[in-house]
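Notes for the one structure printed next.
Order of writing sets the chain letters: A, B, C, D, E, F and G. Residues in each chain are counted from 1.
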């Protein structure tokens, strides 16, 4: 792993944490779902960088679409905003 | 030779990808961001990916396929987003010149009634 | 050197889209940011595949390119009241 | 507020303990080897080609060396689909939502992408032993193809009975393959087909067969799951 | 000074911080969401985060500096592959774990739909029938 | 070719095939669980003679899967402990599947039967497997099907209980996975025997060992109903359908218990001081369960808390593992608890059938309205109390003596106090059941005569309770062998990995 | 339109080409597997995939398609440079608005092509297509009435696309 890939993965890891924090902070569940899609996406890249293509492809296939769609459908059936 | 062309394409692509992201960051409203997001990232990704194929010619068929998929899916998703934001009532930027949405919808209602 | 410049540019692009995702006033803005990010990421994955010199890694980018728009489609359909 | 502080303190403690435990596992270090093959990973990598004929060590592990896990994994997914259908079964009648129709571009675009997604999924699960991927991602890609149609086509539906039958036949086939191994070789899930030349499509014994079964099963299960989830409310 | 920066950013120092650190952070964020948040959908997202954190940790256990993916090609098959590739076992485990995570998420969300149907809310503290 | 693997393969095949049977006839799926469990029980019984042959009086066979030798492939271990727990699971499942003949499950019925088979399958797998990650997979099969079965009534109440269970359960199993990750990271193997050997040789960093112990106890404690993690138990027992409840207490909890014992005894090893942790957890669980049971009006909740208390007692006994006597008592108690609680819940289901009220007031006097069912219920209750002539007597006796013997007098005294509390609330319950006159509603709902098959299953369990109470030698072989298998690591290791 | 058989064959051929690109080899096993898969997929999806069938593969149309692709690519590059300039420029010289245009394409595929081309090219983005009407977001509005706008935006592509699609 060349150093610049390491820096790249550092940046990606920070981005992933930012996405996760957005999920925690927001009151709009749709935004939470979008941000968790970002977390899934970055996770797949990290798997890729860690030389795990099989896992990356599985994470990509699930994270790109399926989980987001399931969450979105559930939001449609329930409600969109979190109340205190 | 092919490799040099490939690298040039990769550079162009990277620059366009960066500019697209910058556009998404800078532009004032959803529709303008979509403009930047769709066009620049599509061309950028297309150019980068085909460039990779040129640098390493045995990879060319698959890279072309990836580029083709991007070319096909990106406009659909940005259209979907644009439509969604105008249906969900996202306002245009104040500096916008014209908004034909109302005319359009009225004209359509008439058509449906007819 | 080539690698550093190219990857830095693309990485900066990813950072900018994520910032828009974190800031974006409406959910539509965030969705736009995520959509572009998937495209940028696909390019990044292809580049990394070239860097690692493994042909097999292209499959992952292929899956991404073909499927990533479904998430956007789902979010868009939710926003316009479909699903 | 007190609860939040308490949880934060708890998290810091957990993080500290996890961190200290993790720190004693060096990241990126050479795999430890005390005796002959103390690390099972090394054994798998060195022997996958001779023993299974599969080039992709991960899929050899998933299907043959640790094939029982995969049987369990398929069962878990089956369970999720079944459980979801069971829990949501009666919620189906109520609430009608007004829904926006999808636009022409989405409809036509997904029409063209759908067969491509199916071919891509089949490619991924057929080449599980050669390239990254395998039954599960392949099945998910196929299900994503159907998901596109669910999202972008007005009132698209899949025949539920057909899905159910495909799903259970695929599951039974998987167990039957295992039982054939038991009766032919004396071990469950034994590799009773030839190894072939490593790197060719028809190689690695039962890996491709099992991946085809898993791909079909996962595809139908996920499609059924999505359909069940979507249909708890009716259109209009 | 540049020496200090170099040692700080050298792979052996930076590596574990990135991958272990981000997996622990993801794990803790998920745990925080599960313990503190009142919204059922958020709790479900928190569960997926916890699982992702553990998956990332498992994968980073298997990584070895400078080695490639455990998919052999002709050159790798010639020598001793275990000297060239990373540990494949954690990857096989994570494949299973990801599937299980999806199953649990789907299950949780289906229960969430039923709860919302019966009580009309997603907020735990408003559901008073059972003690939480 | 009879092999323990069939105990898992056949139920799996049958579970997948339920929709196909449903196509042929609507009635057929109802029969599938019973036939499946009948076949598996027969297989298990036919395997027993080979189990108890050999020089030590029992032997431990390792069955490979896909023909790969243990450290590299997954293996099933079929020794006395595994066979003992598998037997418990099969017996309870058989009785519950007989109950299903008379039970109208919530729609869609097919899915209910599939889930029912799969939960037992998962528990059997957990008990038989010799690979720690495989145990995680089967744990997930068990727990996910339990979540679905808990929530299957589709009332708000059951959905809530299901979510609670799901939250704790998936949190627990993720922590278990994290523990496995730590173990794999340090030792690079997943086979239990190999792990045990390496830990015994001291290859594991003590910090990691500490973290792993905590993670395993927390992870498996959800299924084993340990104290801070058993919040789901009363709600789930109250909200789930009755046959499911008997499965939860008789099968799922036992599988969790076995996993806990296997992981702590065989892998970690008792020399590391795990036992003190177990003693503390056990006594807290026992006392909290029994004390909470005192206040309950709803019989299902009462039995749920009593179940928690019993699990606490078993874990306490496992913690007294320094003296094999307490351990023997613990395993015996696991058997009794599974059979007796399964019996009590099934009988309770028939007592309240066609009536659907579960508190003591409305079920008062049921002893006069439905004498036979209430009699069976009472047998289970007395056995749980530990009266002589019932099987529970021997186990409680052994546990308390074993604790005293290993020097844990305080714990033994506390366990006795727990038993006394148990007597108080069960006596009150018996007073309600027999002492009052039945209400009109209860008399009208007398359907006992129509429940033939269900009563057959329960009679079968009650016969076991009394048979073993009078003649405990019947399963002594099992229990002694099981104790030896769990405690003596070297035997386990050498049986699986070959001579060392 | 095309008969069932021609639709089926067309789908199978396209899928087979897709498979060849995916595997990028002519190994006999792969080719046979690809043939089987493409026939199977085509059997289930041909109704959805195409309306004209083999007529799409007429050499003239293929050549037109390729030429159109290059033309379109050139437009795309121009569009990108345009947008990139707007992005970099510190004052962001944009003049956006939503306009209403009419398309003359009749078939669904034609509409899709026009709409996608519009989306990817100079400063325009399709928001909605209903019948003949299109709603377009234009980053630099030059005309607001329907006729002029129609000439300026979809007109460019329709000229070329009409040749081989209608």
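Convention: a residue touches a chain if its C-beta (ideal position, glycine included) is under 8 Å from a C-beta of that chain, and two chains touch if they have at least 3 such contacts.
The model shown is predicted, which means the values in this text are computed figures rather than measured ones.
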item	value
Least hop count linking chain C to chain F through chains in contact	2
Contacts common to chain E and chain G (chain labels)	D
Which of E-F and A-C has more C-beta contact pairs	A-C
Chain located farthest away, centre of chain F as origin (C-alpha)	G
Nearest-to-centre chain - CA centroid comparison	D
Gap in Å, rounded to a whole number, between the CA centres of chain F and chain B	58
Interchain centroid distance [CA atoms averaged], chain C/chain D, Å	23
CA centroid of chain F to CA centroid of chain G, Å	62
Inter-chain centre distance, chain A versus chain E - centres from mean C-alpha coordinates, in Å	10
Two or more partner chains touched - positions in chain E	11, 15, 19, 27, 32, 57, 60-63, 65, 68-71, 85, 87, 89-93, 95-96, 99-100, 102-104, 106-107, 109, 111-114
Residues within chain C bordering two or more other chains	14-15, 31, 52, 54, 56-57, 59-60, 62-63, 66-68, 70, 73-75, 77-81, 83
Sites on chain A at which at least two other chains make contact	33, 51, 53-54, 56-58, 60-62, 64-66, 69-70, 73-77
Interchain pairs in contact, sorted by label	A-C, A-D, A-E, B-C, B-D, B-G, C-D, C-E, D-E, D-F, D-G, E-F
Of chain G, residues touching chain B in the complex	18, 20-22, 24, 76-77, 79-80, 83-84, 86-88, 92, 94-100, 115-116, 119-121, 123, 125-128, 130-131, 133, 135, 137, 139, 141, 144
Residues of chain C defined as touching chain D within the complex	56-57, 59-60, 62-63, 66-67, 70, 73-74, 77, 80-83
Of chain D, residues touching chain B in the complex	100, 103, 105-106, 109-110, 112-113, 116
Interface residues, chain D side, partner chain E - complex	3-4, 7-8, 10-11, 14-15, 18-19, 22-23, 25-31, 39-46, 48-49, 55-58, 61-62, 66, 69-70, 72-73, 76-77, 79-81, 83-84, 87-88, 91, 94, 130-132, 134, 136, 198-199, 225, 229, 232
In the complex, chain E residues that touch chain F	27, 34, 40, 43, 47, 50-51, 54, 57-58, 61, 87, 89-90, 93, 96-97, 100, 103-104, 107-108, 111-112, 114-115, 118-119, 127, 129-130, 132
